[in-house]
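Going by the order they are written in, the chains are A, B and C; count residues from 1 in each one.
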């Protein structure tokens, strides 16, 4: 065969590299998908056992307010009412996201649009540093500073959703801020130039062009922030009071799904109702964050620039 | 770039070979109760100094984890604050109990409440929510803030068994560790909870029960009723290193020196014995 | 209102927000350092922890934290890179891609104790790794992958399309374009994600309690054979990290100086994270300069 024909018939070196590269990256994503599926199946199989093996009524689980799986009520059914924790989790997560978002977006705009040097030299390192503080330390600062402060100002014990919100606000700030910064940086420069050329002020450019263009990324940042708030246990547990009671106001002790899950899981025997009920909480957590995620995506699609 | 990759590859290879190779010497794992963990850890480190080439891996995770893992045979020793009979889902007949220490549990209150002694009925009413203000039991005008340990915790089970006696506690704050309970009680006016004797310090006020003080001496005669054994469970009779280690922990020398020094009550000091159903007999 | 005035007002507000954040963060860091630094000494940094006496240090825990970080990053970063490249460059816009993306995002909301227990059942018991650094590193990998993957994908997407076209026009394959053009260009963004991930590894406790364990057996720092159980490099030894140590002494510690050790360890942890950030940034910048025309 002549060399030209041979070269035409065989894959080029580049094509081989391309194929190999694609395979490597495909392998990575497959592995991650396998891990995700494995964890989901694991949590689901244990969490669903409460309803199928132990015969707990699903509606009771999400609507009753007494959480004490080891104790049977008058009818011999286990008392697994998760409503207080559902309310608690939603409460702290939404509130802390609501409080953190303006701060995070504001800081991100500051870092990308107003003063990049100051942002890069001061804000960014400090924010990255915050991620590395263990949640136990956050919890202790909350316990020794935030809780007494609320007690003095608002009365009560100081433990409650408000204290949890304060602590979570600081904890999710880094995640939301750094992801928002990335999103804003990704907005092409000529968008800004076009707006400024049309005579828009800096703020008009930011509010009508940059934020709108970066919206999907900002929303992802908020989702990740809320996810972190949702999944955080140790710090919240120390300041929220961790009492499985329906919260009556922001300063009455409450509990979150994760705090009950984390504090109980080591004390239960695998396969028992108490243990399965805790896994049901984990499953609920996954489903709720799925709902959050879909909601945010839907909002994001509506706000997208066409 | 290539160099970095080469180093990485070498590194991964080392780890893989390390994973494949069996570690030299005998090793056993003890998992479970976080209340017992400090003692087992200290005993293990002394045991390893005396016996070179053995390795005892001590981990926490809670009594529930300890009992379920020993039941499945995943570890050699399961540490627990409770009798295996007291836990749902555990077949106690398969497990062998080794009691290694006794822990007394004391009610503690915040220093501002102005109460130093109560009787059992008063204490019970505090935890069931019938008493809501400290002035009802002779203290200051402060609302009662109950702090519980997490459901299923050994300390909580012991406390409820001897104080609440089958009555339901009111839903209240729950914390999963002694340290956190203590710091919350210390910083919250009107707070009441319970911790093992060794955790009582000057930041909180321990309560006497009808004049009986929470002391080791009162536990050894059962005058102070709120106490429990610390158990190290094995599946079937222990053999080899497990057996030697358990014998070491239970030996009079370890009991008198290490156990006492760490704030637990040595088994050798006990003048009474109590079974899983709570029947007390003189020894 | 006059747009110019609005602009001034908005700028002032943004400055205030940035100021407030800096104040909150600075006071937080100041509080931890002020509480902890008085307890930090050379002895504290190098000596092993004591179970029930005063005067314990955090030497082994500090080493464990760094070693665990290294191991989990070695596992997680290549995976996240590969997966991120796939999502950003190869994946077609379809419902399946969306499902994968959503699943990854949801995974990041799992409480770390669930990841820890999963790691315990799979790596510690099923794979017989025992309570070990490798189990801990794998659990942390699972814990960090969502954020890292997402970050890599976003950073790659930010690279302007003209760069890709330039690479392809030069006759490079798509993969080569990604490796030689896009990744170097996206490096600063990827690095931010890695630093955030590393911070989480440093600060994570709940996922490690059941995997890497909470005991720190004495190490023989003269023995660098990774196969020996007493060697610091052995990935199969149990390893309590600094964050786990802080958690442990706060929850069940009976050392008389537990509060001081905890405060000191927190301060050291923050300084360690700071050092790591500075180091990673410097290295990253150098790499960026070397690999791109910047």
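Definition applied: a contact is a pair of C-beta atoms (placed from the backbone, for glycine too) under 8 Å apart; a residue touches a chain by one contact, two chains touch by 3 or more.
Model, not experiment: these values are computed from the prediction.
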{"item": "Higher-contact pair (C-beta pairs counted), A-B versus A-C", "value": "A-C"}
{"item": "Of all other chains, the one whose Cα centre sits farthest from chain A", "value": "B"}
{"item": "Centre distance in Å when chain A and chain B are each reduced to the mean of their C-alpha atoms", "value": "34"}
{"item": "Computed distance of Cα centres, chain C from chain A, in Å", "value": "17"}
{"item": "Multi-partner residues of chain A (at least 2 other chains)", "value": "140, 262, 265"}
{"item": "Junction residues of chain B, two or more chains touched", "value": "34, 60-61, 65, 176, 180"}
{"item": "Sites on chain C at which at least two other chains make contact", "value": "250"}
{"item": "Contact set on chain B toward chain A in their complex", "value": "34, 60-65, 67-68, 71-72, 87-90, 145, 150-154, 168, 171-176, 180, 183-184, 187-190"}
{"item": "Chain C residues within the chain B interface of the complex", "value": "51-52, 71, 74, 125, 129-131, 134, 209-210, 213-215, 217-218, 226-229, 233-236, 238, 248-254, 258"}
{"item": "Footprint of chain C on chain A - complex, ascending", "value": "14-15, 17-18, 20-22, 24-29, 31-33, 35-40, 42-43, 102-103, 106-107, 109-111, 114-115, 118-119, 122-123, 125-137, 140-141, 145, 170, 173-175, 177-179, 182-183, 185-186, 188, 200-204, 206-207, 217, 220, 223-224, 226-228, 230-234, 257-258, 261-262, 265, 282, 285-286, 289-290, 293-294, 297"}
{"item": "Contact footprint of chain B on chain A as seen in their complex", "value": "66-71, 140, 143-144, 147-148, 151, 157-159, 237-238, 241-245, 253, 255, 260, 262-275"}
{"item": "Chain C contact footprint on chain B (complex, rising order)", "value": "8, 11-12, 14-15, 17-19, 21, 23-25, 27, 29, 34-35, 37-38, 41-42, 45, 48, 55, 57-61, 65, 69, 74, 176-180, 198-199, 261-263"}
